[in-house]
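Worksheet for the structure shown next.
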Amino acid sequence: MHTAQTVPSIPRPAPSSATVAQENSGGDPVRLTQEAYAEMAAHAQREAPIEACGYLAKDAEGRICAAFPMTNADKAEDHYTLDPAEQFAVVKAIRSQGLRLAGVYHSHPASPARPSPEDIRLAHDPDLLYLIVTLLPGEEKPVRAFRIRKQTVTELDLVVEGASLPGGSSSMSGAPAQEDKTAATIHRAIDLHGVGCPMNLVKVKVALAAIEPGQHLEVVLDDGPPIRNVPQSVEKEGHAILERRQLPDGAWRLVIRKHQ
Amino acid sequence: MREFTEEQLERYSRHILLAEVGVEGQERLMDGRVLVVGAGGLGSPVALYLAAAGVGVVGIVDNDTVDRSNLQRQIAHTTADIGQPKVESAARAMRAINPEVQVTTHHCFLDASNVRQLVRQYDFVIDGADNFPTKFLVNDACLLEGVPFSHGGILRFTGQTMTVLPGKSACYRCVFREPPPPDAVPSCSQAGVLGAVAGMLGTIQAAEALKFLTGAGELLTNRLLSFDALAMRFRSTPLQRQDNCPVCGKEPSITEVTDCGPILCAA
Amino acid sequence: MREFTEEQLERYSRHILLAEVGVEGQERLMDGRVLVVGAGGLGSPVALYLAAAGVGVVGIVDNDTVDRSNLQRQIAHTTADIGQPKVESAARAMRAINPEVQVTTHHCFLDASNVRQLVRQYDFVIDGADNFPTKFLVNDACLLEGVPFSHGGILRFTGQTMTVLPGKSACYRCVFREPPPPDAVPSCSQAGVLGAVAGMLGTIQAAEALKFLTGAGELLTNRLLSFDALAMRFRSTPLQRQDNCPVCGKEPSITEVTDCGPILCAA
Amino acid sequence: MHTAQTVPSIPRPAPSSATVAQENSGGDPVRLTQEAYAEMAAHAQREAPIEACGYLAKDAEGRICAAFPMTNADKAEDHYTLDPAEQFAVVKAIRSQGLRLAGVYHSHPASPARPSPEDIRLAHDPDLLYLIVTLLPGEEKPVRAFRIRKQTVTELDLVVEGASLPGGSSSMSGAPAQEDKTAATIHRAIDLHGVGCPMNLVKVKVALAAIEPGQHLEVVLDDGPPIRNVPQSVEKEGHAILERRQLPDGAWRLVIRKHQ
């Protein structure tokens, strides 16, 4: 957190490719799950034209599997500051899910996904990854990953995986939407937009009670406590989460198979 | 599956959230029927918690009216209820908590003439009676009708309770056999009881009823749970069905309920 | 000696009859002052039984209003009370049972700015809070002010309670040291609780308050009483004061209460 | 009880000495405590001109120590029937006090204490004593004891003892009254006529709380459950019963010393 806490709130000029040392690391590529990418992309879209920012978490295999949208305390179109008040909570949330802090992401709503001089100057943590998402249409790489050590930027290869999504797509052509195809036949669906904890879990349980064992329930849950709490409670009662992906509006879509 | 209204989901959310209760358990509570014998120290908390839980039908049988001396522990009644039938006062409190619960009041003495036809209408019976003859009457009627029940008794700072599944677990007579002679039950000084002790025992009985209806957990069968609130120590005594039990043994001598008043029985 | 009215003798007769309470014990109850922190699942039965017992002054502090989801276990409130401050609703129920009790309502958050001046006005405090920061706040304030209290907590089918005599017996921090990090406390599925479990724990806490005020029996000091209502088993774990306790140890690091919100505390 | 139950409710003529075989048993005298006598005498006075009747109980030493007033179901001036409904209860009460049934008493409000022909004819139990109390003034023997076997009456010697009453009198000059002298100085007195269980014990405890340890409380308690319950509860709490005697109206007077 000391890294993120020291990100200062100063304006920075538009990104210039001149200041970025473009090197390829040559090592293993950075792996990013589709959910995490979708979360970043959706967040960037929600916040545009303001820069979106947040933390990234990696799982035991080192794969970046979750993005944690945070508040850009600057509320600016060309720079960002992670809200210090949120940093503790998010790092705790990451740990509570058995994940580790992997890096910081932010968006460039109107410029390519390359670090600005300030991005470089203020990147204090040599172990963190810096991911940048651009909303510029037609960009070949809408998201890029960098390591920044001693003011030197190294771009890393980035692979977006759909591994946790059976039937999911690993295309980078935008955030996955609810209408994406899925292998599972949905027997019942409930939309819990705006339904907080713990009533959302109550409604999931009621919906599960109404289908047969082995059948599938589709649930849309709000981001934040709902997505952090409900799936784990559902799994604890023996049901399986078949799919879990973020929607463009930040909410999450789950497909739950009722326990046999 | 029952359709829950939004209000029901909200009201019962804390039960539905429990893995061991859940939607099905709450449905069983709402379909359940429990008879509470006695609307006094034990019956008061039992009645309120069963109503809060949304048990479908709660019957209460009690012939008494509210007396000021009851109010030190019988929390279903208020000062304004003094002189009114306890079953009415308790029913009012239950309906105020949860208007969905159907409360059936029986303002009468429980005796041999009515006990069997009453208990057989219920899934579970709570014995919150304050006298031994009624406790044996409830035991015998529940055994003969096959209705599970929770026995409860309090005295001064102590309480004891056990849950009986007729034909499956030890009954009250397996343990206590028959009422003590009436003159062996000191009436006057023994009337004292710490108010909260009634609450401690009644809430355990309510929990047993909720567990029975939902199927959650392990009931207090073949165990007598007793406590002394003065030392705040709890003890569990293992029990067994007795082959020679007069009501649930191999050759039962009790095949019908009989009124067992303090005088007639003791001779 | 206090002059009892005929009505008081009747109302409190079941306490006066107890050798361990008697006339003097009932007078102590009527002179006693108890603060109930939280008018929810634990605070409800505590408030009703303290009122029934005739405790002189009962304070209740709670910032919440009655929600339908409370009614499954919070028996001091009714459906008609939904939306009203819980302290008002509980006070109404207490006064209905016993108009002699002076109920003082504190409709506010308990925090570092008010907790010490509040607890020091009472002889005994019941911790019926539903969150860890408040439980530690109450512990620290009671320790610093020398006010005995009963800790209580419930979750699903379980409950735990201990009574703390500041400077004499193990305190909550001797056992639990500091609040768990907020994300270690699962918020959603853990919201479930069997209604009667709240009653079981609250009535034990009420009994402890009555024992403390009357001087009867042995308090739950240096012991953590816990139970699992699913198995209906009770357990008593011996505790000791800890020399390195941050609030009641030899070199306490906590000499003032601090607000310990879920985020700030977790670092 | 079978004896008493079969006492029929028929009128009988005034007692005639001609039908009574006057013999002295020559054995040990019947011993009667002053309390028991006082109870019978008080009962006779209360009921006059109706005949009073009841059971008598003896202690382990064979001494008649208690009289149990019962209802004369005939409510007549010259005959009596023990109310059958009361018989079970009284016999149980006698047993509950560790006593045994000794006999039956009744009063002759306007005739001497001798059995009438019906008294003889209807006395079925050869083992019971039959005591008769007369209210006739100036009678030498206001109470007499008889055994009646096969229609034959034997009068037994009768001694009234005051043994259980410290400071009590064994004179037969009427029932002891509350104003009798006692060794104890009374510091407070409460009259609990008509106050049932358990409120009488509540009031005794309140009164005891108002005096100092070692001081004396005088209490008047109703006969029946009050006198059976309250003294034992008071003793259980460590107080001492200094005196205990029955009053002419059947109630009891206790003197309690508060525990030190």
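Letters A, B, C and D name the chains as they come in the text, with residue numbers starting at 1 for each one.
Here is the rule we use: contacts are C-beta pairs under 8 Å (C-beta built on N, C-alpha and C of every residue); 3 or more make two chains touch, one makes a residue touch a chain.
Because the structure is predicted, anything quoted here is derived from the model rather than measured.
Trainee: Where the contacts of chain A and chain B overlap, which chains show up?
Mentor: Common neighbours, chain A/chain B: C.
Trainee: So which chains count as neighbours of both chain B and chain D?
Mentor: C
Trainee: Count the C-beta contact pairs for A-C and for C-D, then tell me which is higher.
Mentor: Higher contact count goes to A-C.
Trainee: Among all chains, whose Cα centre is located farthest from the one for chain C?
Mentor: For chain C, the chain whose C-alpha mean is farthest off is D.
Trainee: How big is the gap, in whole Å, between where the Cα atoms of chain A centre and where those of chain C centre?
Mentor: 43
Trainee: Find the geometric centre of each of chain B and chain C from their Cα atoms only, then give the gap between the two centres in Å, rounded to an integer.
Mentor: Their C-alpha centroids are separated by 27 Å.
Trainee: Can you compute the centre-to-centre distance for chain A and chain D, using the mean CA position of each chain? Integer Å is fine.
Mentor: 95
Trainee: If you average the Cα atoms of chain C and of chain D to get two centres, how far apart are those centres in Å?
Mentor: Comparing mean C-alpha positions, chain D is 55 Å from chain C.
Trainee: Which parts of chain A, given as residue numbers and ranges, touch two or more other chains?
Mentor: Those would be 198-199, 201, 236.
Trainee: Touching two or more other chains, which residues of chain C qualify?
Mentor: 10, 13, 16-17, 19, 69, 188-189, 191-192 - these are the residues of chain C that touch more than one other chain.
Trainee: So in the complex, the part of chain A that touches chain B is made up of which residues?
Mentor: 198-199, 201-203, 205-206, 208-210, 236-237
Trainee: What does chain A use to touch chain C in their complex?
Mentor: Of all residues in chain A, those touching chain C are 85, 88-89, 92-93, 95-96, 197-201, 225-226, 229-230, 232-233, 236.
Trainee: Any idea which chain C residues touch chain D in the complex?
Mentor: Where chain C meets chain D, its residues are 1, 4, 9-10, 13, 16-17, 19, 22-24.
Trainee: Spell out the residues on chain C that touch chain B in their complex, using ranges where they run on.
Mentor: The contact residues of chain C facing chain B are 7, 10-21, 45, 48-49, 52-54, 67-69, 71-75, 77-80, 96-99, 156-157, 188-189, 191-197, 199-200, 202-204, 206-208, 210-211, 216-220, 223, 225, 227, 229-234, 236.
Trainee: Contact residues on chain C for chain A in the complex?
Mentor: 69, 181-184, 186-189, 191-192, 263-264, 266-267
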